[in-house]
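What follows is subunit A paired twice: with subunit B in the first complex and subunit C in the second.
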Partner chain A sequence: MTRDEIKTKVIDCLATTGCDTDYLPEGELLPNLGVDSLMKALWVVELERRFSVRMPIEKLKALGTLGDVIATIESLVGLLK
Partner chain B sequence: MSTFRPREPIYLKGPFSHLPAKTVDNEAIIKWMGAKIRSSWIEKRTGIKSRQWVENESCSDLALAAAEKLLVARPELRSKIRQVILGTVSGDFISPPTSPLLQEKLGLTDCGAFDVGAACAGFVTGLHVGGSLAFSTGETQLLICSEIRSKYLSPKDFATAVLFGDGSAAVGIDTDPKGADFKLLGTKLASDGSVFDLISIPAGGSKRPFTSETDPEEAFLKMHDGASIFLKAVHAMTELPRQLLTELGIREEDLAWIVPHQANLLLINEIEKRFLGPTGRTIETVSRTGNTSGASVGIALDALRSRPELKKGDRILLASAGGGGLAACAVLERC
Partner chain C sequence: MMPDFIAKKKPAIILAEESVGFDELHARVADAVAGLKADRTRLLPLMAEKSIDFAVRFLASLEAGQPIAIFSSEWSAEERVAREKLITGSCPDPKTAIVLFTSGTGGIPKAVQLTAEGIKANSQAVIQSLRFRETDSQHLFLPLSYSFGLLGQLLPAIQIGMTTTLYSDFLAIKPAFDSGSIGGVVSGVPSHLGTLIRMFGSVGPFENVTHVVSAGARLEPELKRKLQALFPKAILFNNYGQTEASPRILSMASDDPKFFDDVTGYPVEGIVAKMGREDELIVTGPQIMSGYLGDSMGTALRVRDGWLHTGDRASMDETGLVTILGRMDDLVKIGGERVSPLELERVAENAGWASQVCALPVEDPLYGTRFVLFLGAVSPAAPADSVLFEVLRKTLSAAKVPGKIIRMDELPRNSNGKFDRTKLREKLKAPR
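On to the complex of A and B.
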């Protein structure tokens, strides 16, 4: 899976939590994108199912931006350059 | 982890549940909190429309009500009960335990009694303990899970105030198949103490006893880091049951029903997606009860017991997780 494919899927999953913004820069803090704690949790469990991965609990707090989420999923699924 | 796989059949009579009379809907919660939000916001975020709260009753009162329902429906149990097991983290007193008081209220004279504190995993942990005792002693166990959460909610704390309700459930556990509702096929317990304080009442225990200097808010239920609690519960309520099913030689597709801990509808929906999918066979009571902690699985199993679609031989997964980082699951078969 390429990084672009992962990014597309991660953003697609985000939409299922109720986040409806088109403004999704990778470096912006999640609360500024309207992603609160509960939405983040729903996003992560959706990602787990779609990517068939398990997100370690200790990584959850470190997911501060969209870029963090993409990078973590990359690390969990492996990236094909 | 601890696994119980009875080598001889263990049967459940019940459960029978009880909810206190006072209905508290989301409008009432918002009024109590003095919040400026729409009631639909609570339902959207939690799936909870209303919950039942006690007026002046205590844990033993709710436990007695559920136990009496069981003993009215199954009167033959009363003279056979040799152990009262009370699952609760909201006993009448910090000390003594509440189970002997309940034994007295029930008029049971020839039995032992003890409390089990396993928070949201209370009912299934009680099945593990009660099933093991029924197997090892051959005696009838009375398990009651009774929780009062409403007295520990602060109107200043939105994270907990909207979620919790009060309730109880009672079940007889023994080796006699006569009049049984379910057969207990196996149970499994796990603990992850690294997250033991994600849900807690900070003050009142021996670590921080109440003093004149105790902040009153410290006497209320606190939830820290809701996202971690949610993810932790999803993992525990998925992975522990899958291990038990493997050990029992039961495939997920052989399950007819799922009875998850009723923490909130979002968690129940996620467990549904990970097991049976949208079949209508994942039991939900949280919309009208709120999260009743250790009593919730018993209350939900009672709701399933009344469903006409429930058939003999149906296999049922009970899955729970919560406070303390505790998790418990069980597999039952409808008799």
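On to the complex of A and C.
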């Protein structure tokens, strides 16, 4: 799976939480993009389901930006290979 | 002074990277009290953090009689400045122990002064109504700048000798659910509890959870039933409160035969409730605030002859069971926070994006309620929606930011010239 494919799927997952996904610069902090704690929680669950991964607590804490989420999924999917 | 019934070595507070036992917590509080020269004429600002240091400072201030004002790191710079202004230059009431901030009507925040007597009465009421003596631990992710988290859950737990595991935020509790190690008391606003069901409905049930506590907004009957399925061994507690009442006012447990109906609860210990004019719920008791700091007019509107006028319409049956029916003003509850559409509308108006602005609360599957911002006669210079959202998110707390922005040539008006909210709602239903 390419990084662009991961990014598309990550944003698809976020859309299921009700977040407006039209404007999502990768480096912006998630709260500034309207992703609050409830959305983030639902997002993580959807990511885990669709990518068949489990995010450990230290990964959850590090999810500050969309870029962090993509990088985390990349590393977890990579670990599964 | 630590009561004898509390096990000294038992953990009082557990965080991800540190914990403290009751004996050490009480020793640290005693040290802090000894080093604190209480000055009842000034408020000490205290940033609410999920840390043992915050708990020590908070408890020491209470014990030493040093009035404190609780701040939140989640506020925007503008929100923090507005609150700092409220406490600058105003001398707190002699009985004030804590100042907590609420959004207030019209988007103007209020500094609620609570007394030591009221806080103590609230703790006793919480311990009794939530049956804290029947459990020995709780998991708490609610912010500690919020009366529900700080005075409604953390303080009573410390006073009764319960262990509290503090989580930095809502998501941080996920691993505890994933591992099945969650037990004791879990508390949240209905949006949190609904999200737990969406997250773990297929993973549960969680049989070690003994108490599920809801407050901050209406808990719908369907959500009550889903919660009972996810936590089959737990007693559910539906609560209603206001910061101005320290905060708990009504409570009800799921072993009451009427719990799963659309009802709210019974007055807690210390609170007397009755119906005022136009079916407004009014309450009295030691828990009621001493007043809003620097706002005697606002205080006089809310507290009359010792009775707090809640601003909520309600009904009460012959057994004293109260059902909250809604607000008497335009305020709405979003994610547990009472917010006014006026604040959002003012930000949009002041930004000059449109000459017609209307924020409408609509049902939302995640938050219960959320604003939609309608803009009419939009300025040609108004930036794209993504930029509008960016500005709103930097200016307002999350609950006040709309879920959607809709631009129209002209906002519809009724015969009085006011924006026609019915037609705006129809616009939401129409295919776009």
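Convention: the second predicted complex is superposed on the first by the 77 of 81 C-alpha atoms of A that agree within 3 Å, B and C clash if a C-alpha of one lies under 4 Å from a C-alpha of the other, contacts with A are read in each partner's own complex, and residues count from 1 in each chain.
The working rule: a contact is a pair of C-beta atoms (placed from the backbone, for glycine too) under 8 Å apart; a residue touches a chain by one contact, two chains touch by 3 or more.
Keep in mind the model is a prediction, meaning the values are calculated, not measured.
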| item | value |
| --- | --- |
| Partner chain(s) touched by A:N32 [first = subunit B, second = subunit C, both, neither] | second |
| Touched partner set for A:D22, first subunit B, second subunit C, both or neither | second |
| Greater subunit A contact set [subunit C / subunit B] | C |
| Interface residues of subunit A shared between complexes with subunit B and subunit C | 37-38, 40-42, 44-45, 54, 57, 60-61 |
| List of subunit B residues in touch with subunit A within their complex | 45, 195, 225-228, 230-232, 234-235, 266, 270, 273-274 |
| Subunit C-touching residues of subunit A, taken from the complex the two chains share | 17-18, 20, 22-23, 31-34, 36-42, 44-45, 54, 56-57, 60-61 |
| Residue numbers on subunit A that touch subunit B, as the complex places them | 37-38, 40-42, 44-45, 48-49, 54-55, 57, 60-61 |
| Subunit C to subunit A touching residues, read off their complex | 16, 168-172, 174-175, 178, 191-192, 195, 198-199, 335, 364-367, 385-386, 389-390, 393-394, 398, 401, 403-404 |
